[in-house]
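Per-chain numbering from 1; labels A, B and C assigned in written order.
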Amino acid sequence: MDVAVSRGSLRIGIAAEDFLPWIGRDKSGKLFGFEVDVAQDLARVLGVRPEFVETPFADLLDALTAGRIDVIISAYSITTDRARLALFSVPYGQTDYYLLVDGKSLPASASDGDYDVEGYKIGVIADTIGEDIAARSFQKAEVVPFPDDNASREALSKGEVGAIIAATPIPNFMMMMEPDRYAIGSEPLYSSSEAVAVRPDSLRFINFIDEWIEENQASGRLQAARDYWFDSLDWEPRATGENEADIEKPAQ
Amino acid sequence: MDVAVSRGSLRIGIAAEDFLPWIGRDKSGKLFGFEVDVAQDLARVLGVRPEFVETPFADLLDALTAGRIDVIISAYSITTDRARLALFSVPYGQTDYYLLVDGKSLPASASDGDYDVEGYKIGVIADTIGEDIAARSFQKAEVVPFPDDNASREALSKGEVGAIIAATPIPNFMMMMEPDRYAIGSEPLYSSSEAVAVRPDSLRFINFIDEWIEENQASGRLQAARDYWFDSLDWEPRATGENEADIEKPAQ
Amino acid sequence: MDVAVSRGSLRIGIAAEDFLPWIGRDKSGKLFGFEVDVAQDLARVLGVRPEFVETPFADLLDALTAGRIDVIISAYSITTDRARLALFSVPYGQTDYYLLVDGKSLPASASDGDYDVEGYKIGVIADTIGEDIAARSFQKAEVVPFPDDNASREALSKGEVGAIIAATPIPNFMMMMEPDRYAIGSEPLYSSSEAVAVRPDSLRFINFIDEWIEENQASGRLQAARDYWFDSLDWEPRATGENEADIEKPAQ
């Protein structure tokens, strides 16, 4: 914390891959998304400039350990594997993972087990929790890794895979757009909590971050941000690069 | 923690201002209120004598930093500004802030925005979260600071201001007493969590305090204390100095 | 944490007394129960061998302080008394304590106070929270300590005591087996939270343990384990030593 304050900037590790509504780039390459807002607010309360260090998702923990970044703020789920090398804050988000099925490939079914058949392809994003979930949940189906969320969704859309592992709110958005085509299982395959990660010796910093999250939760500001990014598509013109003047920003 | 234990007393920073049911003085000047009970219980489990250091609310953080007190227990809300200079425990309370309106000055309205008009006066307690909330929520109305809760309520009662920012349970008590006169908006303007604050190097102490709060929450003792102070007026004779023998104390 | 990792084993303090479904031994003396599963999973995520150090419940804190064990995982409730000498993790369990009454000795009553009469005997397990609860809740009845849960339940069954203090899910199991005989009060006498305890200087270790609990809670794995141990009797053949092949194990 003191290092960032004396440097005058917070080095934020954020995924180089697009993963909207969490993380994306507009047509000019400018970062935006829920995680970007969260990170900017942390820099603001620290009184420093946010310095985004775009890093492949799979390399974020290495970048933290090596000191190239001060924090990971990147829809980063708490796992014991990661907790071996990082301290986590209290969670500021919760994500459910569903099997999102293209009804063209197999009929919608009440049981996810019905999709675990030879020759059925399930798309995942490589090196994420989704890949682990697929490996655990499906033994017969083929798990196909994609470099990022766009590639995985495109493969589903083109019929190259029959289903993908998708994190909320993505399944909702897909079903809204093509309600006759996509369906999800009734139960999430997995759920995880997202938090800020810092280096293991930063106990003081993590306590500060915890209180910032507590304040934003108690005050309702965190929920307002979640409503904008996860329960609306008001942010979508920002992704497609339409006139900024038309874009409705979240109330802060 | 060790310092307080070897000294044999816990130096508790508590607001010098009255703010019942959290903090008040009876006719003999003796401290009482929800926060006083909380602080006395912490001293008890530490096995030391509680030593209350009555300090203007706005000076509590300075007193903690300067080492004049060991802890702040004073309906002290978690904010990132304060977390820069103090460690907070897990919350032991949650407070909602409402606009409490005198129906004589303006008719009760469904929207708090209807009160944000030129010439309308809204009373707040100076240097508290209420003052920040008013500044953020009302641009046209005049925000009038008062030294303490009594002064702010008296100004409302005398018609010197049209409304005040009031923390639960105060709006309920006011509306109980004069149901035809006072009203609140349907949504709180803000909510905050109250916790114990210690110096930033006291990680061990804050963990002990967290477990004490956890035990009191799990066992229902904290809720029993809240019921007595925030959902009843059984404590009121203590404020007016009536015969102590008649006063019903909370079950512990 | 580092000590356990470099040693290659986690020394787990667990009660020497039986207390199923938390802790028990099968006919061959092998440990099993909810707490055993919890402890084995912690060793697994640390990548080390679990080494159970069976210790009388009342001596667990001494064993931790003396360094004979690394952690206490033993249905160990958070109390401020214990927090003076140990760091606790976030809770991974919650237990309610009821007065479990034998309807043969006194008729079932709506109020626990009706059982607080001269000559009435209430059994407890010595040196546990149950003994403290009985001492606080009953002044006239005689509180009779037993060395462990089996002895306390046997005394109730034989009519040697009229009631016992029993922790969930034990009252449910007893009432399931003899619905016409046993009854409980409508409200728990007390509730507590169970957590992992480590030495006070192990702040880094407790953070790792917190994240492991957070992950297991978010993913639903902790609830699945609780369902197996606390809401079913599928584990019972393991206690009676029946053919292991017939035993249904919890889904992990």
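Here is the rule we use: contacts are C-beta pairs under 8 Å (C-beta built on N, C-alpha and C of every residue); 3 or more make two chains touch, one makes a residue touch a chain.
The structure displayed is predicted, hence computed values, not measured ones.
Can you list every chain that touches subunit A and also touches subunit B?
A chain counts here if it touches both subunit A and subunit B, which gives C.
How big is the rotation relating subunit A to subunit C when the fit is done on Cα atoms? Please round to the nearest 5 degrees.
That rotation is 120 degrees, given to the nearest 5.
Give a one-word verdict, same or different, on whether subunit B and subunit C use largely identical residue numbers at their interface, taking over half shared as same.
At the contact between subunit B and subunit C, which are copies of one sequence, the residues are largely different (under half shared).
For subunit B versus subunit C, what separation do you get between their C-alpha means, in angstrom?
Each chain reduced to its C-alpha mean, subunit B and subunit C end up 38 Å apart.
Of all residues in subunit C, which are in touch with two or more distinct other chains?
203
Which of the residues in subunit B end up touching subunit C in this complex?
It is residues 45, 203-204, 207-208, 211-212, 214-215, 218-220 of subunit B that touch subunit C.
For the complex, which residues does subunit B have touching subunit A?
78-84, 87-88, 91, 94, 190-193, 200, 203, 206
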